[in-house]
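Input: a single structure, listed below in structure tokens.
Chains here go by letter, A, B, C, D and E, matching the order in which they are written, and residues are numbered from 1 within each.
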Amino acid sequence: MEFISPVLNYAQLAPILIVLAGALIGVLIEAFAPRASRFSSQLFITIFSLVASFAALVRVRNESSTDAAMGSVAFDGAGVLLQGSILIIAILSTFLIADQENFTALAASVPGSEEERTALQTDLRVTEVFPLTLFAVAGMLLFPLSSDLITLFVALEVLSLPLYLMAGLARRRRLLSQESALKYFLLGAFSSAFFLLGIAYLYGYSGSITLVGIQQSVVGGAGNDVFLLLGVAFVSVGLLFKVGAVPFHAWSPDVYQGAPTAVTGFMAAATKVAAFGAILRIFYVSFANAEWSWKPAMVVIAIITMVFGSAVAITQRDVKRMLAYSSIAHAGFLLSGVIALSKSGLDASIFYLFAYGIATVGAFGIVTLVRDSSGEVGDLNRWSGLGKRSPILASTFALFLLAFAGIPLTSGFVGKFSIFSAAYESGSTSILIAGVLSSAIAAFFYIRVIVLMFFKDPVEDGTSVVIPSALTTVTISVSAVVTLILGVYPAPLIDFITNTALFIR
Amino acid sequence: MNALTTMMLLPILGSLLVAVIPNDQVLRIKQAALGTTLLVAISGVLVWMRFDSANTSFQFTQSVAWIPSFGINYAVGVDGLSLVLILMSVLLAPIVVLAGWNESEGGRWSAKVFYILILVLETMMIGVFAATDVFLFYVIFEAMLIPVYFLIGGYGSGERAAAAVKFLLYSLFGGLLMLASIIGLYVISGRNGGHTFDITKLSEMHNYMSSTTQNLLFLGFFIAFAIKAPVWPLHTWLPDAAASATPGTSVLLLGVLDKVGTFGMIRFCLALFPDASKTFTPIIMTLAVISIIYGAFLAIGATDIKRLIAYTSISHFGFITMGIFAMTAQGHSGATLYMFNHGFSTAALFLVAGWMSARRGSTTIADFGGLQRVTPVMAWSFFIAGMSSLALPGLSSFVSEFLVLVGTFTRYPVAAIIATFGIVLAALYILIPVQKALHGPTTPGNENLPDLNLREKIAIAPVIAVIVALGFYPSPLLNVINPASAHVLELQGFTDPTPSDSAGK
Amino acid sequence: MLEIQTPETIMFWILAPVAVLAALGMLLVKKAVHSALLLAWVMITLAIFYIAQDAVFLGIVQIVVYTGAVMMLFLFILMLVGVDASDSLTETISGLRPIAITAAIGFGGIFVSLIGRATIGHKPYGLEFANTNGNVEGLAQKLFSTYVWPFEVISALLVTAALGAMVLAHHQRTIARPSQREQSIARFRTGSLGGAAGLPSPGVFARHNAVDVPALLPDGSAAPTSISATLKARGDMLESQSFELGEVDNTVTEEK
Amino acid sequence: MTTSTSLVYLIALPLAGAVILLLAGRRADKWGHLLATALSASSFGVGLYQLSQMLSRPTEERAVTQKLFTWISVGSFNIDAGILLDQLSICFVLLITGVGTLIHIYSISYMSHDENRRRFFAYLNLFIASMLLLVLGDSYLNLYVGWEGVGLASYLLIGFWNQKPAYATASKKAFVMNRIGDMGLSFAIMIAFATLGSVSFSGVEEASHTASQATLTAIGIMLLIAAAGKSAQFPLQAWLGDAMAGPTPVSALIHAATMVTAGVYLIVRSHFIFDAAPTAQLLVVLVGAVTLTFGALVGTAKDDIKKALAASTMSQIGYMILAAGLGPAGYAFAIMHLLTHGFFKAGMFLGAGSVMHGMNDQVNMRRYGALRKFMPITFATFGLGYLAIIGVPPFAGFYSKDAIIETAFNAGGIKGILLGSTALLGAAITAFYMTRVMVLTFTSPERWEKDQHPHESPWLMWLPMAILAIGSVSTGFLFTRGDSLVHWLSPVFGEHEAHEEHFLPVIVVSGLALTAVVIGVSIALVKYQFSDVDAEAPQNVSIFTRIARKDLLQDSFNESVFMRPGQALTRLLVKTDDKVIDGTVRLVGTTAIGTGSALRKTQTGFARSYAVLILIGAVALIAGIWVVTQ
Amino acid sequence: MSPYNYLYVAGLLFTIGAVGVVVRRNAIVVFMCIELMLNAANLTLVTFSRINGTLDGQVVAFFTMVVAACEVVVGLAIIVTIYRSRRSASIDDASLLKR
């Protein structure tokens, strides 16, 4: 057996490699740089590597190959779009993360201890968040491009582990934050065990662990359907867990609420893009021809997810939990893009992911700004009268909510329209009906928040809107503008997606 | 530049102008708003004069690609039907501004916001009637809800927030059903000659639909419009909204926005789904008749003057709906004319009711009394408006109401007969408040109410002039309407029933 | 073609039930440490299975990495949080257990019956061919050629893990450690001179000098400050009473 | 048909008056009444001019039309704003403008103390214009405009003093009951359009030749309902008595001479329908007969002078309707009675107004008496009217009423006898209650309170009364001389063969009628002139009197059959709307929230239960597989 | 004997691991149960590798071990942190976030 020396296409891997390099530099900074300069250099490195990564991505945007990394990575149009979305969301999220008010001074200190107090007084910072973010981004960039199951699994873990850690780093209500980290971690590990078992069965089914190999087995009909089905089912459990589809959703409200808000925003937006990217790739590439086997189940999950997310969101009193349930509902909507299993479904999903991601980051950015003396105010009742206190902020938040609700002239509407039409086009009438009904339910709670903000009088309980830092301002305003532009004139992006989005096999 | 686009741009420019005027120069703001609306009104009249009524196709058309990959265009154009409604909208707008000169006071926000909302709403009002692209229509249809929502919730009285929410949720629900239908149309058009939203092209799609599909899609549209119109039993949002909104907003809400519902029935329900329209006609006729009688009874039972007007509108919308689905030339033209006339007579009623309640500080009918002697001009204005509302011959509503009845009778005599009982009830629901509020002894608290001032007289005069003039000489409008209604009926394959007893001749 | 030899069969039928029983035992024992040991046993069994299935390298790695490293880490942490901390096995979340058991039985039952239904369509190939050049070489071929990219990426995971452990466990010193001089000054400046001579070590004057036995003060009572706070918190401080020098036994025993 | 361009002025002049007076507001207080009177008079002048023009043309070319503009034109529904002036309309035009002008003049003085006199005149002009539109419209729809227009004017005038709640209620009642009648007219128009394809008089007439019996009957019945509403005929008569709330000139003009006779006009105008629809015609006759009795009975019990006169009006219109229902033979007599009635009843109402004017607006006849001495002119004019209405020769009523009674008898068979007898009975009762009015007011001993100072009215008031009295005396003779009115109108109704067979000789009928009158007058004289009359209405009277005083329970009937159930229905629907319909909507909301809350319970906070959810999900998936691969 | 028997064992072990996650309350034990599940998956992979005659399954199993090791580090770090804050390693105690 001759050893074949591996050939890697570094240009196509550059976006991932740059981010990884940034992360490693960040680790080195943690190790060697004086404390005073860590924050600024970390921030610089992070932004720089994300931007550089984006630039590298732009350079190779028209390329497409299956052997970017010995068959482990499929570099194609859809991948470029997903990676681009993730990078943009990551940059915006980094601006939020840079507001260190969100993070604990010293993660190792016991909450409420003397040590914590001194750490706060001496202005310690957990600058490790930046390399962690970069590691997560690297994993996310790789996740939707993975074209074999090993890479998929590794990428899943690369993106998950930093997130588990980051979830536990909140500055205030640290017990909750740590709890969310624990839950996220345990359940994440639990689901990735399923995922791994799924990989095992897919491998058992086809004898190959590449997506193309599996697809060929599916087409060829060799192998045992039971193994295929078990593989699909278990792999789905892992993937659906990541996107928060019912009944694998339960972690998300708790984690969204407990994690530092900036991290929540990042996680909610970017993870969704990455995970749906992977789902789209694996279902479109490998399982497309076994549609009969998984589609009914997926339709049921999509419908339950939409309805459940919307219905439970109605009763939420915490803004972050509400957004969590909203994201569950959106996961349901996004699943219709998977079910559509068509080019238009793919285009729609990618557009939806981008639009939703941007709006989510913006919305969580705003959540970070509403505070009282003990930190962020999550209780929606205390948001009442926000429109009076800070009309611009409240209006922007309303814009994001309207986008989530899918009101025309916001990006959410275009997304919803395109994804539902794709689903209906492929014959899923039930998805369309459930989608419409749950949108109606969903409108209920989005509007409730708008009512609270604009039509209720402020409660004098110390809730206030802090003046956002420059970076946070950038994030929120860019998100708002993008949300609006994508609602009013989405044609360029849609055309770009339509022309670009393709999965190669 | 296209005349309609210009008309739509003008209010936007006006709102920008309003936006740059400093907050404390309230008078300037109002003047700017009034000037803009007047300008739009003039341009509306110019369009009307340049309109070729013999031509049944869309005129003043413009079509610009908007989202080409979905086949969505910014496409506008008017036929007789939409022209009349646009004319009504742009004529009412300056009147509303002038009449509600001080409405913005006592709102949650500044006068500036109020007028920006009004102007933005005006753009949408023109757009919603001018759109010849179904998607564009839908976008505006939904987006309109937002300014109205804030106008009700921010500047209304009483339970304004709750009413605004009720309005919004109702409308959103309907809108979402319509979205489902639009998606259905989109998909069907995609299968038959490429994705398009062009109303003319879509009107051929019914040939490719199964009757079940057609029925479902029809229902999606119809329920949305029935909520908007509103048709019994989907009406309960209206009294709340109308009672809470400022008089000006109520005028726009009932006078213009609700017409979108009946307009949509003609433009979309009938044109796109002719067979389904026929299938559902018996049910719709029943609902329309119930609306007429039911609305009238509730108006009789109403104790609040604004709610009373709202209920009368339910009755009137029943007439309009009945006329539309009677599928006769008289019914159709009558319904269209009814929309116009109802706009003006309801405007008069609401404006005067608003002035009355502003002076008295109450909207309860029983709180008034003997106003005819204290404030004769105001009382007369109300009286004439009321007479128009009860369709007194010689005033505009009579022509349309009678046309509807006659048109309906030729095809659905029973419906017409029951509906005719509505005119007796109309006498009651108008004369009861007239008797209680205007007649009788002047009750305590009303002795010193000031009569209409010059501004208010200027505002109400054109409304009354239109009411009277059109009662005697409706031809200018009928000439525009008739070809359009004939065209719709021709497309539907309907010819008027020949007189039964002269059939042999 | 794969032929399973009798020795493997025998091994399987002996080890497999034991492994399953051990796994079940994990669920049923109260003490976490026992669970860990049982798990270690399962892992070793698996290693044997791997080796039996021609995955020699993996079998060795299993022992080294899992039983050697991972399980040690577990035990280490268990030690940290209390080695004899035991779990009450009564369910506290109402209604959860029946649901869990039903779900588990359902899962296991369906899963196993599904495996029973599956036939791969071909006879098992066996690894003779793949392992022609030796199992390690074969794996190396794959790892450093076909799967070199995930292999490289996984380094990111290792760095993340290290970084994560640092973030969560490393106590950055917020105040400079006081020097010996500062410490002694501090001792003397406090109100009493009682502690000036430094704290007693565990077991001083007691009859036993293990770390969990408190020192005795001159009056014979126990000095709690002599015991590590961790031990105290865990309740591992021994009752000092039994070690107190109650009455000095003055009788001299004669040497025999 | 001849066209003209000047017909429009008939309507336009008074309409302009109404508009100017209303818009000018208080500025017109000084001259408004004069302008209104002048415009009304000039409209009368135009009418006379048109009459002269008409007379100058040969009989068959006398009808004139004018098309103003296309009013409504949709599909085959084409309505012009067109005016038709024929021999029938001109009678009405002259009556309306003539009597109208007189009443304008009368009102100048009568209303001189009212601060809103200008508004009153505006309404009067509005009424004249609407009424002219009613009789001049060339289609049913144009007629409908006038029809509701007079309703509006009547509403405004009845409620002129609406600061009294009772008056405001009365006006509303009149309008609503009229609307019920109007509904009939709407139906008639709709049926006509749907079945005959036209709603103009000429079009319907032409189509009626080929139309089915059922169609024409339906239209006829609907027209009858309309007529009943407007002319206060059974069963829609209840509003007329209350309508006396308006100033007395209004009662004279609208509720005696003109508007209430519009029903008669409608039926006569639609003769081509009724001629071909015997069933409808029979109903017309019945309504007429019932009402004439009904009105007469009510009239006997009323102590309010205006209400007594109103009841009389109702009764007299019953005669007209009865005549109109008798077909070609009766049309001309209906119109004749209408015209004569217009004179004498208007005169009597004005007289009543004059009495009230002199008696500080006292309307109760039991508080009058012996006014002959204080108001001689009023007594004289009222007396002439009285003689006319009870049908004493040679006064107008004698000619017209006798003709109707005679025609009724001639209807043939049992029907003829019954109708004739009813008419005769009516004549007797009329004589009774009119004598009662006359006696109680003018000739019986005085019963008014001491602070009253009865006096004669100023000349502006008595002059119109005098002119009308002349009319009451002379018109009957004029119209019947050589059957002039019958011949004049015959082109409208078409020639019909005169009745050869008379059921009873004319002289016998006249004799019977006179006998009836004498009986009625005698009873009244005995009862009121020769016995004492209480100033207070006696309470211990027979049940019949009590019922008659209550207008034969018409209001109680309406209240219990329509109003109460209607109000109950309204309350029910209001409650339904809130509880059921809106309740359902709210229920959807609470259901959604309830579902949300229930589902929310799955989020227990325990990581293990989340793991169970995941496990359950996995179980569901593989269970699916288990089923699929079965 | 068929190599499928290994699959049954793996399936059972996986199930037991899953049950353990659900019924045990000590976070460390829960985590160990997850490790058991991963091991079961690995056994499946190795068995399939043998059945399919390719080494890819073993490669995956190898990766899994590395990943598991990393996970253990992170996981235990989180558990220790929680323990320090709460003095308890019971996952049921960490249930403040709910509803």
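Note that a residue touches a chain if its C-beta (ideal position, glycine included) is under 8 Å from a C-beta of that chain, and two chains touch if they have at least 3 such contacts.
Computed from a predicted model, the values in this text were never measured in an experiment.
Colleague: If every step must land on a chain the current one touches, say how few steps get you from chain A to chain C.
Modeller: Shortest path length, in steps: 1.
Colleague: By count of C-beta pairs in contact, what is the leading chain pair?
Modeller: C-E
Colleague: Taking each chain's centre as the mean of its C-alpha atoms, give the chain farthest from chain D.
Modeller: When every chain centre is compared against chain D, the largest gap points to C.
Colleague: Compute per-chain Cα centres, compare each with the mean of all protein Cα atoms, and return the closest chain.
Modeller: Of the chains present, the most centrally placed is B.
Colleague: Centroid of chain A to centroid of chain E, CA atoms only: how many Å?
Modeller: 25
Colleague: Using Cα averages as centroids, what's the distance between chain B and chain D in whole Å?
Modeller: Distance between chain centres: 37 Å.
Colleague: Any idea how many Å lie between the Cα centroids of chain A and chain D?
Modeller: Computed from C-alpha means, the inter-chain centre distance equals 79 Å.
Colleague: From the C-alpha centre of chain C to that of chain E, how far is it in Å?
Modeller: The computed centroid separation for chain C versus chain E comes out at 14 Å.
Colleague: Which positions in chain B are in touch with at least two other chains?
Modeller: Residues of chain B never touch two or more of the other chains.
Colleague: Could you say which residues in chain D touch two or more other chains, in rising order?
Modeller: Chain D, residues with two or more chain partners: 600, 603-609, 611-612, 615-616, 618, 622, 625, 629.
Colleague: Find every residue in chain A that makes contact with two or more other chains and list them.
Modeller: Counting only residues that touch two or more other chains, chain A contributes 107-108, 150, 154, 157, 161, 164-165, 168, 182-183, 186, 190, 194, 204, 226, 230, 253-254, 444.
Colleague: Can you give me every chain pair that touches, using the contact definition above?
Modeller: Pairs satisfying the touch definition: A-B, A-C, A-D, A-E, B-D, C-D, C-E, D-E.
Colleague: Provide the residue numbers of chain D that touch chain A in the complex, in ascending order.
Modeller: Counting only chain D, the residues touching chain A are 589, 592-593, 595-597, 599-600, 602-603, 605, 607, 609-611, 613-614, 616-618, 620-622, 624-625, 628-629.
Colleague: Quick one: which bits of chain C touch chain D in the complex? Just the residue numbers, please.
Modeller: Residues of chain C touching chain D: 93, 96, 99-100, 103-104, 106-107, 110-111, 113-114, 117.
Colleague: Residues of chain A touching chain D in their complex?
Modeller: Chain A residues touching chain D: 182-183, 186-187, 190-191, 194, 225-226, 229-230, 233-234, 236-237, 240-241, 246-248, 250-251, 253-254, 293, 296-297, 308, 311-316, 441, 444.
Colleague: Of all residues in chain C, which touch chain A in the complex?
Modeller: Touching chain A from chain C are residues 111, 114-115, 117-121, 132-133, 137-138, 141, 144-150, 153-154, 156-157, 159-161, 163-164, 166-172, 174-175.
Colleague: Which chain B residues qualify as touching chain A in the complex?
Modeller: For chain B paired with chain A, touching residues are 65-70, 108-109, 138-143, 145-146, 150, 153-154, 160-161, 164-165, 168-169, 172-173, 176-177, 179-180, 182-184, 186-187, 190.
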